[in-house]
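Structure first, then comments.
To keep things simple, chains are lettered A, B and C as they appear, and every chain counts its residues starting from 1.
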Amino acid sequence: MLMGVSAVHFVLLSAALFGIGLFGALVKKNAISVLICIELMLNAVNINLVAFNKYVTPGTFIGQLFAIFIITVAAAEVGVALAIIIAIFRHRLSVNLDDFDWLKW
Amino acid sequence: MGFPVLTACLLAPLAAALILVFLPKDEDKLHKWVAAAGTFVSLAISLYVYFAYNKELGGLQFVERVPWIKDLGVTYFMGVDGLSLPMLLLTNLIGFSAVFASWNIKNRTKEFFVLLLILIAGVMGTFIAQDVFIFLLFYEVVVIPIYLMVIIWGSSKRVTKEYAGMKLTIYLLIGSAFLLAAVIATFVKSVQITGTPDMSFKGLGQVAFPEQFQIYMFLLMLIGFGSLLSMWPFHSWSPDGYAGAPTAVSMIHAGILKKIGGYGLIRFAVYVMPAGAAYWAPFIAVLGVIGCAYAAMGALAQKDLKYVVGYSSVSHMGYVLLGVAALSVVGINGAVANMFAHGVMAALFFSMIGFIYEKTHTRWIPDLGGLARQVPRLAVGFMMAAMASLGLPGLVSFIPEFTIFVGSFERFGLLAVVAIAGIIITALYVLRAGANTLFGPPREEYNHLKDIQGPEMVPLVVLGTVLVVGGLLPALLFDVINSGVEPIMAHIADYLPAAVQIGGKY
Amino acid sequence: MHHAWLVPLLPALSFLVIVFITRPRPKLSAAVSIACMLGSFALAALAAYGVFTDNHFQHRPLIYDVHWFGMQGLNVDVGIYLDPSSAMMIFMVTMVASLVQIYSTGYMKGDPGYPVFFSYLSLFAAAMLGLILSSNLLQMFIFWELVGLCSYLLIGFYSHKISAREAAKKAFITCRVADFALLLGMLAIQIIFGTLNLDELSEIMPHFENYTTAGMMTLIAVLVFIGPVGKSGQFPLHVWLPDAMEGPTPVSALIHAATMVVAGVYLVGRTMFLFTEVEPAMHLVAVTGAFTAFFAATIAITQREIKRILAYSTVSQLGYMMLALGVGSLTASFFHLWTHAFFKALMFLGAGSVLHALHHKADVWEMGGLIKKMPVTGWTFVVGGLAIAGIPPFAGFWSKDEILLATFLEGHYVLFALASCTAFLTAFYIWRMIFLAFFGAEKPENHPHESPGSMTGPLLVLAVMATAAGLIGTPGNPLWQNWIFFGHPHHGEPNIPIMLISTALAAAGIGLAYLLYLKDKDKANARALAGMFRPVYKLIYNKYYVDELYLWFNRKIVDGSARMTYLFDIYVVDGIVNGVGAVTKGLGQNLRCVQTGKMQTYALVFFLAVLVITVALAFTDSSSTALVMGGAK
């Protein structure tokens, strides 16, 4: 076992990862980057899930189960999102999010 | 149970509408005759029901009862008593006449008559339903066709027809929203008290609601039914709406739809919430009186014929409110009878104005004049409606007004005097409109006008006959109404807490 | 006598027949109408004969009632109420109506509305007779309004003329104002006494203390009296009657002289039991009557149109009848009503004959010497003039004397003086008109001719009646006084001084008119007199500006406030409604700006919201947290 590594470390790691992802998702202008940042946030959550599983309910695999769920969903989501981005790119020749404001009022 | 007479009456126009759907689009004449046939069947049935109704026995007759939603206590419960019978008859009289008043409609006749028939069936349903759920259901059925008819076949004058249609619809829907809230609250409360769900008027009437609850609920219902009845200050949809609407819709709207408000007020609000009614009665009376005087003055300032009648109908509804507010046998009898009388008169008025508009392409009084020489039959119809409107004895509206006056004068004294003074103003604006339209030097541009003839005569003949017969034999109307009102008043007397017991002189 | 209910029904039938069947054929329509009217006259005469030969009727009327409609708290019967008063009235009305209809066949010849005219006349006769025979106040009110309607239709008969249209409207609305008060009075009676049946009321009213206070009774009596003030053209609601002359002349004769306008007098007579209970109301009736009589007589002096003079004369004579009622003498009032119907109908029909001959030139100053070319019209008119002036033994003398006597005996000396002055004025203005129109030099521009027999025939019959109708009520032969009375029959001793005074005043009036308008060929004195009192003359000529006052009130006050109400409605009530709509719309308009379409902004808001909720939950206690989180237990 890793000595000196406690739940706190995991939480800190995941919080950092989530923070970086969130920051990126909010400020990046490139759609692909934003997608990547969203992946980061999802993975931060995964880390949390697995870690809490280990420290809170070591006997079961609920956390891992959910982590796998999220990976699957994330994969599907990336697939769809990339498809949309490519479709938009074909129309507008841009992946800049500021150009994607057709839903505006 | 026998033959479901009322359902047949209700289904006849719907069946006609269904047939119309399958008819070719450009068979204008055929559409009209099918619609006429459908409404005629209803009229015939309702006439039969009216005269077959046993007045001595009273109560609900021709009852049909099919349980529908058990958990909510909703029943397909149809029946007529002295309160709904005149309204049913009125609906069909006006519905039948309305078909003929729209005889010259040119564009989209098929859609027009389908909507008109649905509208008639919807209104009829509200009057024969004895279950509040079904009542609301039919009421909502009514709103949509009206909106469509106004914005497609309406006319824009002071306001555009889109504005008029929207105003009408929103007012009706807001009214029904208040109503729905009140109905749901009442239903939930009744289940809490009795434990068994029952949505019928009768069932809800048996529940002893706490007084405070009744007062709140009655206010909601008053706003709901009041805006439907164009109670001041919720009246402003009425003149604009009528002015925008096509003739048939104005007829049905002013003639019957408004009456759903008065009918509901008596049938539901007063019947189920007697203590609330007693609490709010003076308030209703004040609003009624303001409505009478205010709308009469408003009508005096109008130059558009439809606006004159629009305001006048608001004013007449003030009398109805006043009658209801008296909460006495005499007052409520008068209110119901006045609804009938005003319905006939307003429908005749609007149909005649419709014809004038159709022929001269104007409703602007200063542009009219001397029509009595050119279109005498039209003038006769117009004058009959005008005279009925100012309450000329010998026509159907005088005795109901007199009855209301007796009922309200007894209870409100001086307040009623203001409303009664309305008859002077009414005479003023009605005669002014009539004189400036029909009399005076004939205008050359109208020399070619053709008088109403053939099918166009139907509204005049049907409604005119009712005006005169009802005026000469008021017992025909009052015996039926009284058989419905007396049990209701007896019921109210039973359920009123002694402290708010009403009646007596002054 | 038991067929009295047919009396109003026959003309009603004729109305229906003309409207629905014979309208395309004018001659036939007139025939139907006249036949029904004559039938009705025969029945009325039979009924009257039956009543006046059976002493039983002096105290007990014949009443038939049927239930009309009712409910708990309001029951109304309709029926027939036949007593000497109503028998006299139906006799008089059917007779005058028949004569007027016969006259109209000549007068209205060639009018496009000929059949319609007869249908209206029939309807009017039906309504008027119904009014007379009513056994119930409500029933009476219904017919009361119906005669008003007929009056409206007939005044406006020449509806293409704006003046006729406006006059009709004015008549209807003026009467409506009065009827409003009458309606209030009736409502109060219904509510307090629980019935509107005349017979029951006459039993109850003397014991009104059991029901209500004297103040309330006075109020009711005044309210009920206002109705007749309108209908019978009493001051201040007299303004419609002179304008009503816009109608065809037979209508003026029938409706606005002989029958409908006396309905008000008749109503007060019928409800005497109400008035006699309260002294102030009686005084009001008497004063109104006397004042109106005098007031209208002064106006009549200055008018120029022949029918207007007669109209003001009618107002004045109706004032006499009211005065008689006010001093408590039903006998005198109805006696004058009876004689007035004949001589005034006679004069109106005579005026109609003149207008017919002169092609509707109405100004008496433009006439003159007509009696040579129109002897029948002229001499019957003179008979009428003698009757209305009150020269014995013509009808008007006896009835006017009865009124003066009653006023004097009741101790109303001021009113007596006023009524005597009026007698003088009456003689003066009527004879001014007669001298100007029928005597003196002929005007070359006029080409008068005598009217056809259908018109002169009724004139002759009426002239006979105007001479003889009063003879049934002379002091030597008080038949009338024995039959028509309120309470107990009342036999005034023949009061010779009063008779002399009234005759002398009448003669003086005629004499003055003779001096000013016949003897004085160029009428210089009359003109000089008018010039001398210029302001007064102008005031009177313009009818004391009462019409202008009403017009001003109507234009400025009523229309003004109507306008205000409408503006209030559009801008305030509708303004609020539209305002609510506008606020909703504006709110949407502004709030949608939040929807930038930029996903990252949304995401930021989303994140911040989560943050806020989390923090909030962290700082609140666990139970509310549980609530928000969905109660995870």
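Descriptive notes on the structure:
Here is the rule we use: a residue touches a chain if its C-beta (ideal position, glycine included) is under 8 Å from a C-beta of that chain, and two chains touch if they have at least 3 such contacts.
What you see is a predicted model, and the numbers here were worked out from it, not measured in a lab.
The chain occupying the central position, as judged from C-alpha centroids, is B. Looking at B-C and A-C side by side, the one with more C-beta contacts is B-C. Mean C-alpha positions place chain A and chain B at a centre distance of 64 Å. Averaged C-alpha coordinates put the centre of chain B at 35 Å from the centre of chain C.
Separation between the centroids of chain A and chain C, computed from CA atoms only, is 95 Å. Put simply, chain A touches chain C in their complex at residues 22, 25-27, 34, 97-98, 100-105.
Those residues of chain C that touch chain A in the shared complex are 592-593, 595-600, 603-604, 607.
By the touch criterion given at the top, residues 167, 170, 233, 235-236, 240, 294, 297-298, 300-302, 328-330, 333, 370, 372-373, 387, 390, 392-394, 398-399, 402-403, 405-406, 409-410, 417, 420-421, 423-425, 427-428, 431-432, 435, 438-442, 473-475, 477-479, 482, 485-486, 505 of chain B touch chain C in their complex.
In the complex of the two chains, the chain C residues touching chain B come out as 67-74, 138, 141-146, 149, 156, 159-162, 164-166, 168-169, 172-173, 176-177, 180, 183-184, 187-188, 190-191, 558-559, 561-563, 565-566, 569, 573-574, 576-577, 581.
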